[in-house]
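The next part holds the structures, each set out as structure tokens.
Shared between the two complexes below is subunit A, which has subunit B as its partner in the first and subunit C in the second.
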Partner chain A sequence: MSAPLIWIGLPLMLAVFLLLLPRERLVTALGTVSALLLTGIAYWLPPDTTQRLGSLSLRIEPSLTLLGRQITLDAGDQTLLMLVYGTAAFWFFGTFAVGQARQIVALGMAIIALLMASLAVRPFLYSALFIQVAVLMSVPLLASAKIKEKAHGSAAQPSVRGLLRFLISQTLGMPFILLAGFLLSGIEAGPADVAQVIQASLLLLLGFAFLLAVFPLNTWLPLLAEETSPYTVGFLLTMLSTFGLVLALNFIDRFSWLRNSTQLPTVLQFIGILTLVTAGVWAAFQRHLARIAAYGLLAEIGVSLLAISLPDRQIGLQILFSLLLPRTLALGIWTMSINILQTQTGDLRFAAVQGLVRRYPLATAGVIFSNLSLAGTPLLAAFPFRQTLWERLALQSFPLAFWFGIASLGLWLIALRTLAVLTMSPDNVEWNSQETWPQRILLSIGLLALFLLGSFPQLAQPVLTSLPTMFEFLGK
Partner chain B sequence: MPDVLLWASVFFLAITSTSLLLSREWRWSIAFLAAQYLAAFWLVEFHWPFTMSAAKLVTGWMAAAVLGMTQLHAQPTLTNEPSWPQGRTFRLLAAGLVLLAALATAQQMAGWLPGLELPNASGALILISLGLLHLGMTANPFRATIGLLTFLLGFETLYAAIENSILVAGLLSTITLGLALAGSYLISLTAWETNE
Partner chain C sequence: MFVILSLSILLLTLLVMAVLRLTRRPAAFSWLAAALGALLSWASTPLWQIDLPTRLPVSSWPFSTLFHTTPALQADSFSWLYAISLVALASAVVLTSPARLAVLSPISWFGAVALGLVGLLAVMADNILTLSLMWMAIDLLEYLNTLRMTRSSSNSERAVISLAFRAAGTGFALWAAVISARTGLPTSLQQTPPEAWLFLLLAVGLRLGVIPLHLPYRQDLALRRGIGSSLRLTAAATSLVVLARLPAGDVDETIRIFLLALVALAAIYAAWKWFSSSDEISARPYWIIGMSALSLAAALRGNPQGSAAWGVSLVLFGGLLFLYSSRQIWLTRLLAGFLLCLLSLPFTLTASGWLGNFPWPALFWPLFLTAHVMLIAGYIRHLSRSGDTPLSELPRWSQVSYPLGLATLMITVLLTGLWGWPGSLQIGNWSVALLMVGLTIPIGIAYWKLNRFLPTPEEQSTLAQVSHFVRFQEFLARLLWAIYRLFRRLVEYVSSLLEGDGGLLWTLLLLLILITALRGL
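What follows is the complex of A and B.
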């Protein structure tokens, strides 16, 4: 058995099977167990490594040839495989509370398999093609979530503007990355032709600007979150942005002149802080819960770019990968809570969700604490790593640290505004939790995990510290 | 292949992509899209084996067919798009300007990528720029999908000169077909929402 067959082929086949299953609970259970199983296999039987079970010797071949090209997952991808499928299991498990299992689990499994293929294809320049196929597959996922919301009587805007813009934006990015890849391969050893280097850099910049939804090419994200199910958007965009970042790091790792370029950190820093500040400040003025979460996600993209831009690459990568778990956890809890509130009110504008704390205490806590976690509030999951990043930025430049603080303040303020709105309830309303038991259990576990990771950040470190080693040069 | 045939394809591409921008009747749009794939096939065939180019042509026609079938059912709600600006003269002028800009930069583009001939660069840039112009002028899923397909076809024409891997060709065909299917899904969704 080869690794691509196990971590790409099997999930694709499983996705088709899950689509055919009649009961949503069964889809959730099977999807979650399968994702956990794939995580377990990655842990105990990493690709390209021989394991002994008594007299039995097991080895998973790392490569598969597909239409003349290699699809390779080697031992260096072990941690990433564990992280991706572990994260998938978390999101799939959440559908117990929010529903939409057939869409999120079945299509989500296929999307994750395609995203894994994007990292496994050799040469990696073709990754953008697989990402684009995953984007196309996410259209029915987002659209079906929209139909479901509409069927539940949601007051979502009767348009597909956000979805269309998402499709356009992601599709425009792919050709730029492919062309940049071709030009870069011509200047692999060193920048012989300055004009060609500039052309390749501009194409690469444009491609990733579209792919990662950096400012100002990200107006579709809040619109999309407003139009469709927040949990679906949260799942999809967390996955897409994570793979987009890993692909960007692959480019930096592969080309020595790009890796050693003195301009690259400056460009990343500028784009990162611009994306972070605009997201943080604009979030503070929003009046729609899903849009706020979308701005939270955009801010995280800015934070990631800032982490990559740090002069000490090792620390930058450590911060980047350490933030993955708190981010996934916070966005998962946040969008799950919003989804629960949306099912009740059909509308996520402040006027519609006012005073819901007495009927949805745990969902309210989920919205507030996740928001605060992504704002870098002490004792919550993202705090230790955001704080480290902030300190590093302050050592480098005061204005950078100042703007980082402004963005965090914006996210913090909107958390307080949301808290005020959700608790603005008449005195005669009884405290009566209307969340279902699966929702209560999942939200409680999630909230506990947010605090646990914030208080004991070292818990996730054994897994995450080895992630940078997947890069040949950056990780060493 | 004689140069005159290649330039004839480029001329044909300019006609079809401009017509796509001007057309208000979806049936004509589908016909122009199909014709556009035929013209691009001649350009791609210059670099790729006949079978691979033919696969691209068939995929494009399938995409056009998918869009046409969907539009047939969604027709009552999507024929008249109230988009700005509506005037055909404005669109024609904009298309003319973009065409001029594309042709002016084609020479430079041909120098960028080794193996890329001037007619191919011209055809690709015409498709890319008019596809982008189309995308900038509409919020209608049907027209946006056509704009995206035009943009992608332009890129494929360009990329064919530098890459002839079967895997890449297969994935690009999958993306073309996937775009048409995703566009159809969005057209149906808009029609469904309007009918609700």
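What follows is the complex of A and C.
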């Protein structure tokens, strides 16, 4: 059996099967167990490695040829496979608390498989196509999770502006990356034609700017978050941004002139800090819980770009990958909590969610602590890595560190503002939790994990130390 | 490792209390567990002296190349001093609580013990990172406790504002860590560079817990006396402990004089407000500001022992007064006698308080000594008012536990004056001590004699007006809120442009500007 069949083919088939299942809980259970199984297989039977089981010798072939193209997942991809399917299991499990299992689990499984294929396909140029298919697959996922706004007491038609812009933005990214790949294929070893290199770089930059939703190409994200189920958006965009970043790193790793370019760190730094600061400052003035979470995600994209831009690539990659787990955890809990509040109020504007803490204490805690975690608050999951990134940015440039601080301040401010709104209950209201048991259990586990990772980041070490080695040059 | 013993006792106590709560045992069991655990932990703290200084085996963070700093805990004589006072406070809060609470509150005892535990860890923090972690833990404990107790939306909002100020303090500490990292120096607090020192000072100031002055749950006196005192004093102590560790001698002379002038003003203002307030609980923020100012002034004089002495006095003497709700004449006289230990007399806790000299002695000595006198005068005044309940009216077991709780604080005052840290068994600046005795005794006598002519606290509270400082704070808050709303309108306008029908065009324009800017890099 080949690795692409196990980690790409099987999930695709499973996605179709899950779509046909009648009961939501069954879909969640099956999806979660399957994702965990795929994680387990990646751990115990990594691709292209022979494992002995008594007299039995097991080996998973790394490659599969499809329509003349090769899809390869080798031993270097082991940690990524574990991380991706482990993360998927986390998000799928969350549907126990928020519902929408059929969309998130079934379509989500297919999207993850396609994104995995985008990293595995050779020639590399075809990655953009797989990403585009994944984006198209996410349209029904997002459309099915649309919120019908209650306007003046009657149900109005849901807005689709955010969804359309998401589709346009992600689709526009594809031709840029394809064109850049086409131009770059001629100059893999070294830049012969300077003009061609500049053109390719610009196209690549634009392609990834669209794909990663950096400033100013990210106006669709808050809109989408406002219009659609927050948990669905959280899941989809966490996955898309993670794969987008890994794909960008693959490009940097592959072309030596790009890898060794002196301008690249400066450009990444500029775009990164711009994205981070605009997201942090914009977040500070929002009055809609889902929009705040969207800006939190945008800020994380900026943080990732800043980590890649560090002069010490090894350290940069370690920070980047170390932040993946806290980010997924925080966004998962954040959007799950918002979803729970939305089910109750139907509206996520501050005026509608005011004083919900006494009826939804854990969901409130989920919203606040996740937000604080992504703001780099001590004791919470992202803190150790954000703080070290901040310190390393200060070593490079003081203004850069200052702006990083301003962005974090914006996220802190809005967390405290949200806290003030959610805790302003009418006088003498008793504590009476209305969360369901699955919601309580999932949120409690998630919050505990946020604190545990913040105090003991070494818990994530086994998963994350080997991730940078998936890159041939950057990781060494 | 006796440090671990004390920590383990507190941790075990918390676990036992949690189990008792889950198994729905009567509240009295929880009280007994909390009291025993806190007392045992307090009794074990002197044993730390056997192996001081010592580093605690904290599991360090991974990826040694990645982190400039990882958490580190070190117990030295200063941390011992603060630790014993914090555990004494926790014991006193638990032991005296039956006298205050008509309904027993296991959660407040749990909170007191938990605060004791986190407080111990915080005073042992060896670098800014560890300090920030512990500060945040204390802030969360305080906030959750406040949220649980408040029943009105205005109090909830104030609790968030209070948390925001504390968080801002932690933010400044993190910024100080960033500045320290830039210098590439080792990360210990003792080696903090002067540039970072100032930000840490700001962090300490914001974290004293006195802003905003309109505190939450002010209506519930019993809780404010008990867990409220524990929260306020622990937060202040875990901030002030930093001052004893910082290399204040490295601060530029001009900045030092400027800071001393500011601190002197704060000390005078707070001491006057403390003296003139109607009751000790409302005046508690002023006690904290006043004593912290003395602590800070000592640190700025390059006198870490003095700084620690004032910091610990804030906790111990503050604890004695704020927990003294069930009064009795002999107990009041005993506490008044204990005030001698606050006069910087030789061989007392505060003996080292006035060591070292100020840069402009003719200006600063009178200012700070006046503040000191007013703080003591205020203490005498608040001590002499009638309490909430007479001691004789308490149940018999409470009549035993209540004085025992106060005794833990009194014993700690005596012990720390005589043993265990560099400021103990000191003669100190005896001329200042004599001056203080000379000023305090007449004030005390005058107060006793004139007491009947002064308005009662009840009369005062009806006459009391909101102070200018509070009004200024409220004005500042309104101003900040107006600026915030102004910016929000701006952001919402830009968002509506970018997300509206013409948004794509605006985005493209911004993209072009960005590409042009990138070409210039």
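In the analysis below, the second predicted complex is superposed on the first by the 465 of 476 C-alpha atoms of A that agree within 3 Å, B and C clash if a C-alpha of one lies under 4 Å from a C-alpha of the other, contacts with A are read in each partner's own complex, and residues count from 1 in each chain.
Following the convention adopted for this analysis, contacts are C-beta pairs under 8 Å (C-beta built on N, C-alpha and C of every residue); 3 or more make two chains touch, one makes a residue touch a chain.
These numbers come from a predicted model, not from an experiment.
After overlaying the two complexes on the shared chain, residue contacts for A:P140 are found with subunit B alone; subunit C is out of touch.
In the overlay built on the shared chain, the residue A:G405 is in contact with subunit C alone; subunit B does not reach it.
By the document's definition of touching, of the two partners only subunit B reaches A:F130; subunit C does not. Shared-chain residue A:G68: touches subunit B; no touch with subunit C. When the shared chain is aligned, subunit C comes close enough to touch A:Q387, but subunit B does not. Counting the residues of subunit A touched by each of subunit B and subunit C gives the higher count for C. By the touch criterion defined above, A:W44 reaches neither subunit B nor subunit C. On subunit A, the surface patch touched by subunit B in one complex and by subunit C in the other comprises residues 161, 168. Within the complex, the subunit C residues that touch subunit A are 59, 61-63, 65-68, 129, 132-133, 135-137, 140, 147, 151-153, 156-157, 159-161, 163-164, 167, 170-171, 174-175, 177-179, 181-182, 484, 487-488, 491-492, 495, 498-499, 503-504, 506-507, 510-511, 514-515, 517-518, 521.
Interface residues of subunit A, counted against subunit C in their complex, comprise 161, 165, 168, 202, 209, 215-217, 219, 222-223, 263, 266-267, 270, 274, 281-282, 285, 287, 314-315, 318-319, 322, 355, 357, 376-379, 384-385, 387-388, 390-392, 394-395, 398, 401, 405, 408-409, 412, 416, 419-420, 423-429, 455-458, 461, 465. Within the complex formed with subunit B, the residues of subunit A that make contact are 66-69, 121, 126, 129-130, 132-133, 136-137, 139-140, 143, 146-147, 150, 158-161, 163-164, 167-168, 171-172, 174-175, 178-179, 182-183, 196, 199.
Note for the complex: subunit B touches subunit A at residues 112-113, 135, 139, 141, 144, 148, 151-152, 155, 158-159, 162-163, 165-168, 170-172, 174-175, 178-179, 181-182, 185-186, 189-190, 192-194, 196.
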